[in-house]
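I am attaching a structure below and will ask some questions about it afterwards.
To keep things simple, chains are lettered A, B, C, D, E and F as they appear, and every chain counts its residues starting from 1.
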Amino acid sequence: MTEMTRRERIEVLVDAPLVRKLAELAQEAGITGHTLWRVTGGSGTGGVWSEDLLSGATAKCLFLVIANAERADAFMAALEPLLDSHQLIVMRSAVDVVRAARF
Amino acid sequence: MSPPVLFFVLGALAAAARSDLAVPETVAKGLSLYLMAAIGLKGGVEVSRAGIDGQLGLALLAGVVLSFSIPFLVAPVLRRFGRLDRVNAGAVAAHYGSVSVVTFVTANQIYAGSGFLAAGFMVAVLAAMETPAILSGLIIARREGGGRLFEPRLLHEVAFNGSVVLLLGSFAIGMLLGEDGYQPILPLFTTGFTGVLCLFLLDMGLIAMRRLMQTRALTVRLAMLGVVFPLVNGTLGVVAGVLVGLDAPSVAVLGVLAASASYIAVPAAMRLSLPQADAGLYLAMSLGVTFPFNIVLGIPLFRGLAEALTPLMGAA
Amino acid sequence: MSPPVLFFVLGALAAAARSDLAVPETVAKGLSLYLMAAIGLKGGVEVSRAGIDGQLGLALLAGVVLSFSIPFLVAPVLRRFGRLDRVNAGAVAAHYGSVSVVTFVTANQIYAGSGFLAAGFMVAVLAAMETPAILSGLIIARREGGGRLFEPRLLHEVAFNGSVVLLLGSFAIGMLLGEDGYQPILPLFTTGFTGVLCLFLLDMGLIAMRRLMQTRALTVRLAMLGVVFPLVNGTLGVVAGVLVGLDAPSVAVLGVLAASASYIAVPAAMRLSLPQADAGLYLAMSLGVTFPFNIVLGIPLFRGLAEALTPLMGAA
Amino acid sequence: MTEMTRRERIEVLVDAPLVRKLAELAQEAGITGHTLWRVTGGSGTGGVWSEDLLSGATAKCLFLVIANAERADAFMAALEPLLDSHQLIVMRSAVDVVRAARF
Amino acid sequence: MTEMTRRERIEVLVDAPLVRKLAELAQEAGITGHTLWRVTGGSGTGGVWSEDLLSGATAKCLFLVIANAERADAFMAALEPLLDSHQLIVMRSAVDVVRAARF
Amino acid sequence: MSPPVLFFVLGALAAAARSDLAVPETVAKGLSLYLMAAIGLKGGVEVSRAGIDGQLGLALLAGVVLSFSIPFLVAPVLRRFGRLDRVNAGAVAAHYGSVSVVTFVTANQIYAGSGFLAAGFMVAVLAAMETPAILSGLIIARREGGGRLFEPRLLHEVAFNGSVVLLLGSFAIGMLLGEDGYQPILPLFTTGFTGVLCLFLLDMGLIAMRRLMQTRALTVRLAMLGVVFPLVNGTLGVVAGVLVGLDAPSVAVLGVLAASASYIAVPAAMRLSLPQADAGLYLAMSLGVTFPFNIVLGIPLFRGLAEALTPLMGAA
C-alpha cells in the first residue's frame, strides 16, 4: 500500500489583498508552500457578498497549507493577532499525504 | 443624457429591481484596461500635437496638492458629523482625496461630445492624483499609533499600481506615436470608445446600486457626506484650476477629479494597510453614493462652474 | 452561407472532431451582453424613426399568445410520442414556448444582409415571449400536484431576468437617443456587430455539438421532435404574423421566434422550479437539435414561408 | 497555543441555480454564513461535464458551511428531502476552528 | 437523523493537462465520478506561481474524488508511479456522506 | 517602433517594476481567439483573390521539413552546451521546431504596415508547422526508452488542437467568402486588428517578463541559446524560403516562423507526454527569451535578410 503520513491541513478564508501577508507568515513558520483559490460568494455577519466587484479589495480566497503539527502550530500562532483585524476564518483538520517529507 | 449615462442609469435600475443582469468580472476588467489604454493614448497624442508648456507642471502641482490635502479636510467631518473612529475616518478620507478613473473618462467623453475639450495632459494629472491621498489617509488613521506609518511594500504597490502604469505608459506611447503613428490603432481606441464606455457604465450602475443596497454600514449622515464631499471638493478643484490658469475644460476636469472618489486602487491599499477599517463602508460611500452623484450631476455641474469662474481669472 | 453561419458550422465541426477549441465562458457571456445591447439599441433607434403604430400591440399579443400556448401544444406530444413523464414534458415544453435570443439576432442579421428588414419593435416581441412559456410549463408539470404552482421568487426572477432587462432597457435607450444620439456609439454597436456574431456563433457551434455528443438522455424520438417542433411552431408563428397583418420580414422573424427554443433563461428557471427534471435532456433538445436546425435551415425556411403567405393576407 | 474548537464542516456540491435555496435552509438551521466557489468540471453517472455552458443552469458550486453539531444536524435534516430531486452530493467532516463563538 | 456513511475523500493537486489521466485512473479504480476546480495560485519548491499564463500548461486544478476505502486504495496505488514525475500533491481524509451507495 | 511593439515593451517594463498590472486570463484567451480568426480570414480572403499556385505546396513542404528537423538540430546543442538531460532537451527542442502564432501575427502586421505583404497562404504554413516538431521532440526524448513513442490520444490532440482548427477553419471560411462576402465582418476583423494586437502584446510583455523573473531553472547558457536558436533557425527559414522560390515578404515570414518557439500548444503537449520535463524551463526559454527577442529584433532582422537574399535566387 501507498505510504501515507499524517499532516495538518489549514484552510484560511481571507481577503485577496491580504494573501501575500499570509504567505509570508506561512513561510516564516517554515511551511514550504501554499495553494490558493478564489471563492465566488458567501454570506456572513457582513451580509451577502458575491464577486461582482471592480476593486478586488473585498474578493476572498481560500488559502490552503499542509504542514506537520509543529509548523502548523507556529503558523496558527502567527495568525492569532490577525484573526480579528483581518476577519479571518480558519479551519484545521488532519489529512494523510504522500511524499510527506516535503511538508 | 448621453448614451454612457443612460446605460449607467439602466444598470442602476436593473440592480434596484433585483435583476440578475451581470457583467462578468473579468470582462469588466478587460473593458477597464481598454478604457485606460485609450484615454492614455488619446492624451499622449494630444500632447504630442499641442506640445507641453508650463501648464502641465502647474496642473500636476494643483492635482497633487488637492489629493494630499483633501483627506485632512474631510477626515474631521467624518469623525464629528459622520461619527467614525480614527481608522475608518482615515480610510474613507483617503478615498476622497484620490480619484476615479471612470468618472474622469466619462467627463472627458461628455465634454468632448459638445466640443469642450480638456488638455491632453490631464491624464497625467489623473495618474498623479491617485496616490498622495493614500499617504494622507494613513497619517490620519495612525497619527498616534506607535507602529511605522506604512510598510515599504505599500509605497511600491501604490507607485506601480496597474492603473497608474497603464495610464502613464499609454500616455507615453501616445506621445511617441504622434498623430500619424496613432492612425493604425485609432479605429479600436477612438472609434469604439464611447460604445465600450456604455457597456462599462452599465456594469458600474449595477455594481454601484448593489453596493448601496447590500451595505449595512452606511448611515444617513454618511450618505449625506457622500454628496457634500464631491460638491465641496469639486469646487476646490475648480478654484485651484482657475488659480493656476488652466483653460475652462481642463478646469472642469480638475473639478471632476477632485470631486471623484477612488473605488479601485485605494480600497485595495486600505484593505492591506488598515484591515480593521470597514471595507463595506468606504465602498458604499465612494461607489454607491459619490460615483453616481458625479456621473449624473457632478459632471455637468463642474462644467458650469468652470465656465463661470474661468473668465474671471482671465480678466484679472 | 453568411459568415455567422459558417462560423457556427466551424464550431460544430471542431467539436465533432473533439478539438479542444473553446471560448472562455466569461468571454461568451460578454459577447452575448454586447449582442443584446446592440439588438435592443438598433430596435429602439428604428422605432424612434418609424414611430409606433397599432402593429406593435398586435405583434406583442401574437407573441405572448404563442409563447403561452405552444407548451400546451407540444407537451402531449412529448408525453405520448416522446415518452416523457409529466414533469419532464412540462420542462421541455417551456423551452419550446420561449425563445432564443441568438436565433433572433442571427435571423435579423441574415435577413438584413439582403434588405429584408423586420420592424424595430420585434425586439420587444422577443422580450415579451421569453417568460409566458415558463408559466405554462409549470402548469403542465404540476397540474395535479398539491403544492403551489410556483414560488413568488420565480415570477420576479423571470420578469427581471437579465436578458429581458438588457433587451428592453437598450430598446428604451435607443428610442430616447434617436438616430442622432445613436451616432457616437454606432461604430461599436452597428459596425462591429456581424463580426462579433461570428465569434459568438463559433462558440454556440462548439457548445451545441458538445451538448449533443455528451447527452445520454436524448432518444431518437426526442431528437425527431427537436426538428418537428420548430417546423410546426415556426409555421404557427408565420401564420399568426400574417393574421395580425405584419410586413413579410416581421412575419418571418415571428416565425423564427416561435420556432426557436430557449437555452438560457428557461433552463435556469426549470433547474430552480423543477429540479427533478433532467437538465441534460432539455438542453440537448433545445441547444443540440433545435438551435442548429433553426440557424441553418429554419431561418431561410420561415423567410420563404413568410414571403409566400404575406401577400395572401394583403390581398384579402 | 491558539484556542481551537471542534465544529462540523459540511460541503454540498450543488447546481448554481439552487444555491440560494441552500443558503435559505442553512439560515433557517441557525447557521451564520456560508462560502461558495465554482467547480469547473467533473464526471458522474450523468456523464462528463465542464463549465462551457451558456445558461449556467447546470453550472455547479461547492457550498461550504461551518456550524456546531446541533445546527449541522438541523441543516442535514433540512437537506434530506432535496437530496434526490436536487442531486446533491453532501460531505461532512470535523474541523477545528478559531473564533468558534461565531459558528 | 440523516443516515451518513464513512467514505474516503481524496484530493489531488495536479497540472491541468494531466487531469484526464487522473480521471481515467479513478475510473479504472472503480470510482464513479470526480469533481474539479481551478486553483489560482500558490507557491512551492518550484517558486511562486499564479494563473496568468497563456498556455494553461502549468495551470493547476484540485481533483476531488469520494470513494469507499477499497476503491480509494486502488486509486492511490494507481497514482503511486505518477507521484514524482507528475509532481502530484495528494491529500486523503475521511468524510461522512449521504446517499453512500453511489460512491 | 510600431504600436504593438511599444505596448509589448510597456508590459515588460511594468512586470519588471513588479507592477500588479494584469490582463485577466480569460480576456487574453478571448483576444487570442480573435487574432487567430482574423489572421485566418485575412489569409483565406487573400488566397481567394490571388488564387493558389504551386508556391503553396512548396511553402508547406518547407515549413513541415523545418518544423520536423529543427528539433534534431537544437537538441544536441541543448544537451552538450545547455547541459540538459535527454528528456528536457527533447521537450525544449520541440518548442523551437514549432511556432508562435503571435510572433507570426505581429510580423505580418508590422510588415504590412510598410507595404511588405506576405502571401495569404502563409497562414496554412503556420498551422502546418505547429505539430511536426512535437513528434520530433518525443522521438528525441524517448529514443532509447522501451515504451511506445506517444499515446494515440496525443496525436489526436495535436492534430485537432484549438489553434490549428481555428486558423485553418477561418482560412477556409475566408476562401469561401471571398472579398465581397468578407465585407460585413471586415470592420471587426480588419479595422480593429492592430488595436487588439496592442492589448494582447501588452499582456504578452507582462507574461514574458514575469516568466523570466520567476524562473529558477534558466541558466546563462540556456538563456544564450534562447537568442542563438532564433538567429540560426530564422536564417534557415529564410534560406529555405528563398530556395523554394517564395517572394521576399513570404520568405521573411517563413524566417520568423522558423525562428519562433511555441508557448501554447507545445507546452501543453509536453506536460502531458513528458511530465517529468521541467515546464518552468521550456516556458522561460520560449516565452521569456525567444519571444521578446523575435518581437523586438527578429522581425526586422529576417525582413532584412529576406530582402538581401531573395533577389539572388530570382537572378539565378
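Rule of thumb we're sticking to: contacts are C-beta pairs under 8 Å (C-beta built on N, C-alpha and C of every residue); 3 or more make two chains touch, one makes a residue touch a chain.
Here the structure is a predicted model, which means the values were calculated and not measured.
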| item | value |
| --- | --- |
| Count of contact steps on the shortest path from subunit B to subunit F | 1 |
| Type of subunit A:subunit E copy interface by residue overlap (half), same or different | different |
| Longest centre-to-centre distance from subunit D, chain (CA-based) | F |
| Most remote chain, CA-based centroid, reference being subunit C | A |
| Subunit D and subunit F, separation of their C-alpha mean positions in angstrom | 45 |
| Euclidean distance of C-alpha centroids - subunit A vs subunit D, Å | 19 |
| Separation of mean Cα positions, subunit E and subunit C [Å, integer] | 40 |
| Where subunit C touches two or more other chains, by residue | 22-23, 25-27, 29-30, 191-192 |
| Junction residues of subunit E, two or more chains touched | 37-38, 84, 93 |
| Interchain contacts, given as pairs of chains that touch | A-B, A-D, A-E, B-C, B-F, C-D, C-F, D-E, E-F |
| List of subunit E residues in touch with subunit A within their complex | 13, 37-45, 60, 62, 73, 76-77, 79-80, 83-84, 88-93 |
| Residues of subunit F touching subunit E in the complex | 22-23, 25, 28-29, 32, 204, 206-207, 210, 214-216, 263-265, 267-268, 270-272, 275-276, 279-280, 283, 287 |
| Contact footprint of subunit E on subunit A as seen in their complex | 1-2, 4, 9, 19, 23, 32-38, 61, 66, 93-99, 102 |
| Subunit E - residues contacting subunit F, complex | 15, 17-18, 21, 46-49, 51-58, 82, 84-87 |
| Footprint of subunit F on subunit B - complex, ascending | 25-27, 29-30, 33-34, 37, 156-157, 160-163, 165-166, 169-170, 172-173, 176-177, 181-182, 184-185, 187-189, 191-192 |
